[in-house]
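These are the structures, in structure tokens.
In what comes next, chain A is part of two complexes: it sits with chain B in the first one and with chain C in the second one.
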Partner chain A sequence: MSALTLDHLTFRYAGAEVDALHDISLDIHAGAVTWLLGALGAGSSTLLLVSAGLAPQHTGGTRTGRVVALGTDLGSTPDRAPLAGRIACVTASPLLQLSGVAATVWEEVAFAPANLGWDIERIRRATDAALGRLGVSALAARAPATLSGGELQRVVLASMLVFEPELWLLDEPAAALDRPGRGMLADMLRGEARRGAAIVVASEDADGMARVAERLVVLEHGRIAIDGSPDTLLRGEATWTAGAGGTAFAALARRAATVAQPAPPLLLPPYPLDLSEAITRWT
Partner chain B sequence: MDVTAPAVPPLLLAGVSVVYAGAPTPALRDVTLNVAPGEGVALLGPNGAGKTTLLRTAMALLRPTSGVVAVMGRDTRRLAPEDLADVAGYLFQYPEAQLFERTVREEIAFGPRQLGWAPDRIRDATATVLEELALTPTIDTHPYDLPAPRRRLVALAATLVSAPRLLLLDEPTTALDRAARELVARVVTRRRAAGVAVVAVTHDAGFATEALDRALVLEAGAIAADAPLEAVLGTSAGIPALPPHAELARALHLPVRSLRLDDVARALSERCRAGG
Partner chain C sequence: MNNRRGGLARRAHPFTLFAVTGGVAALAFILPAPFGPLALYAVVIALALIAGTPAAVSGAALLCLPLWAMLFLLHAVIGGGERIALGPLVVSRGGIEAAAAQAGRLGAIATASLALFRSFDPSRFLDAVARRGWSFHAAYLFVATLQAAPRLRERAATIVAAQRARGLRYGGGPLRRLRALVPLTLPLVLGMLSEVDERAMALEVRGLAAGVPRTPIAPPADHTADRIVRWAIPIVLALALAWRLTR
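Coming up: the complex of A and B.
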């Protein structure tokens, strides 16, 4: 069953002259990582906000078409109670995601389970486990407001991981993370997909996501330009044509090709995906 | 500018320690640092190493528990951040921490207005910086109606508009797409060429390689390394790896002038032509 269905979805922010999303139809399946890529302003963040039921409800603007998340039609059902504790939405501004009422990181992560009415032993176990998986157990007693950006991002992720969501919506979750943090995030996403969650990640980090995502959806001016396998798409030119960029080695090959005209065949697609492929190709 | 005058270091830290109230260990430990005009310093280290604390201390947003901080020769111990507004610009990690006006135009004009600039000068400087960051079409937009990445560029524009001699940037390229990251790298490079000193906290090795050349590594609040960037990237888990094109240049022993993308691309192009 589809965890998230967008059906002829169109969305426009108040006062905007163009649609932020235009006639998007998309089925997101459980148990896989779907990666959204697009140029700045292509609509990835808006797609996540609409899917989470945050737009237009909290942003204003107008929406047509249907959004069905975990079986609940977000347009026709004002009652969100059936979705409580089932959707994790990590926005691009972690600073705005703290509950604001927790005195410590531990309480912050325990906040959602406590509101879901879990018993204290279960809250304790789940909170400790989530902190551990994001590598922030040592911060448990700290005040959330004193955290650095990367620490804050890990805590926000832990505060969602803790309630085992069925649908993850993440906007640039690796942005503030260091290398170990990025590794933990990739492990977490893969683990969550194995557990059966549906995962949608908007990310500009093509090199990082290439190894994590099963499906790549490229947005261009609010429309779906491409939908396919990252492994295939990132070797070609299509993501670049859509203004969405691509991997570092594709960027390098394309830059090198502009220096030498006509470009040597070795600099043309298929582009290598990782360092070992690049070394094989260009040795 | 009087070229005969000895250059005042844009940023000087001597024996600076910072202890947060209630914290068991210092956030900064005996940090000594001298940043010269035109220098580009990448502040590296794992999450929680003290990078943002160092940046905030440099801008007088935090007071050192001990030690001295001087910005353009001004001892900051009795100064507030606004006393440095004419010489130093600070980009917060999250633009929500610094944007509060109703339009991009007002947001950019806020700093210069506080500095008492004439309206004409403010208008010209605003137009120039918005053009440079490809933000001109957003001038009448509410900053919070912009997508988060573009909001970051607005915050950067607000930081640059008053032509500071010292730029303190906390993760300036986070969540930007490739084109915008390259734009920010060009803007920083241009400022450095004009003598502006830049200290940037970053996990973006690509940006660092393009725009900066000195690495300062913090670990648990202390300076663990102060060396050329290319020698430091990838040397420990908490430090960004070399950008992929630079790893390739090393692996293939490409004869490159630097590890910047353009230089590696040129060398790779020659290799491919020679190899058929």
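Coming up: the complex of A and C.
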């Protein structure tokens, strides 16, 4: 079932001379992780904002084409209250995601369910569970302003996880996370997909996303350049040709291939996706 | 129930703090000058100390000091009318009374406001509003406005540090400091504007405008003493006004 449909979507920021997104048509299905990859300025962040209905409402600019999120046509429905608590949108600045009025991390995570009018027992259960799943229960009594970048990112993720959204839109969610944090994020994304949520992640972290995403959409200059399986695409040259890069092992092989001329076949595609594959292939 | 530890001001119901501050501001103008405002200032200082906000007393005094000096200069030194000796100075009797009344009003209002600001807990206030079923959206905007000044200060400090790291010399004479304000102001204003947009987006996602009554997470206790104080304030104001009008 399609949780998000973009139909010939074009978006341009106010004052810009080119479209940030051009003629994008995409169906995002529930129960799967879709990964957006692209070079800087390719349009991944804008695509997330438009999909959440936050652009052009909050950013300005013009949009053409249709965006249907969770059955609601965002262009024709001025009342967005029905979507409250159904879409999680994590932007690239965790500090600006905070409510600014919560005295503790616990209150910060409970902010959305309280706004949604849940009863207090349900809020308590959901908040404790979300903090536990992101490994930040120990921070519950801390003031949000005192957290480190990684802690803050986990709290922001918990503050969205708490209301069990049907659609996740995440912009570079792993940027501030350490290795255990990235592992926890991957587990959370898999868990949310199993629960039936539709997940769209814009991320440069090819190594982290390679084993999490079922689908890879590569954007180039605001257009869809490639759409396919990460398992297939990351082993080849297509993502590199689109200027979006790839895994660290592919980068290593490509660099080594330019040094060792003629390049030995083991440095050519298909590239290994992770360490265990690299060891098998290169030793 | 949310009854955080701390001084009396931190334990009081948030509406009581607002009522007291409002009451002080009104009384400062109702009570007859010059002794009324001066006595009120003394009472407010005592209340602030009892309520556990001594920093509000010193902070307000520091804040008012230049204004007090200005009032003294304008009314007492330059002012006309009967002159009296005040130590080595010869000052206007009417002027010194007017300056004392204004200084008392300023001191009382500044001390009460600073005590409120220092003991204000946004989440307790918002929970109190939610419990009453009042507009949470409007209350959030009110709290965000109250918090704008400290946020601006924090952000300015970060920008100054960043600009210094990039070679900006902030010290020196007034002219140099004024020139250094330009690379500080632009990123500060632009940053705040973009921050407003992004925060608005985050709040919308988190259901701030969901259109349902918000659940208070830990509403502050509204003790009998709080209710008595809140009822007493308008009564005291009415009595003071009546006394002032009939005397």
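As a convention for this text, the second predicted complex is superposed on the first by the 283 of 283 C-alpha atoms of A that agree within 3 Å, B and C clash if a C-alpha of one lies under 4 Å from a C-alpha of the other, contacts with A are read in each partner's own complex, and residues count from 1 in each chain.
Following the convention adopted for this analysis, a contact is a pair of C-beta atoms (placed from the backbone, for glycine too) under 8 Å apart; a residue touches a chain by one contact, two chains touch by 3 or more.
Note that the structure is predicted; figures quoted are calculated from it, not measured.
When the two complexes are overlaid on chain A, chain B and chain C occupy overlapping space and clash.
Legend: residue contacts after superposition of the two complexes on their common chain; A:Gly15 is shown touching chain B, with no touch to chain C.
By the document's definition of touching, neither partner reaches A:Val217: not chain B, not chain C.
In the superposition on chain A, A:Asn115 makes contact with chain C only, not with chain B.
Residue contacts after overlaying the shared chain place A:Leu26 against neither chain B nor chain C. In the superposed model, A:Ala3 lies in contact with neither chain B nor chain C.
Of the two partner chains placed around the shared chain by superposition, chain B is the only one that A:Thr283 touches, whereas chain C remains out of contact. Shared-chain residue A:Leu96: touches chain B and chain C both.
Looking at the superposed arrangement, the partner reaching more residues of chain A, out of chain B and chain C, is B. Once the two complexes are laid over each other on the shared chain, residue contacts for A:Ile87 go to chain C alone; chain B is not touched.
When both complexes are aligned on chain A by C-alpha atoms, chain A residues 91, 93, 96 touch chain B in the first and chain C in the second.
On the side of chain A, the complex with chain C involves touching residues 49, 52, 54, 58-59, 80-81, 84-85, 87-89, 91, 93, 96-103, 107, 110-120, 123, 159-160, 163.
Listing the residues of chain A that touch chain B in their complex gives 13, 15, 38-41, 45-46, 91-96, 139, 146-151, 154, 171-172, 175-181, 204, 207, 244-245, 247-249, 251-253, 255-260, 264, 266-267, 275, 278-279, 282-283. Considering their complex, residues 4, 121-124, 126, 130, 136, 140, 143-144, 147, 151, 195, 197-218 of chain C touch chain A. Those residues of chain B that touch chain A in the shared complex are 20, 23, 46-48, 51-52, 93-94, 96-97, 145, 147-150, 170-171, 174-180, 203, 206, 237-241, 243-245, 247-248, 251-252, 261-262, 264-266, 268-273, 275-276.
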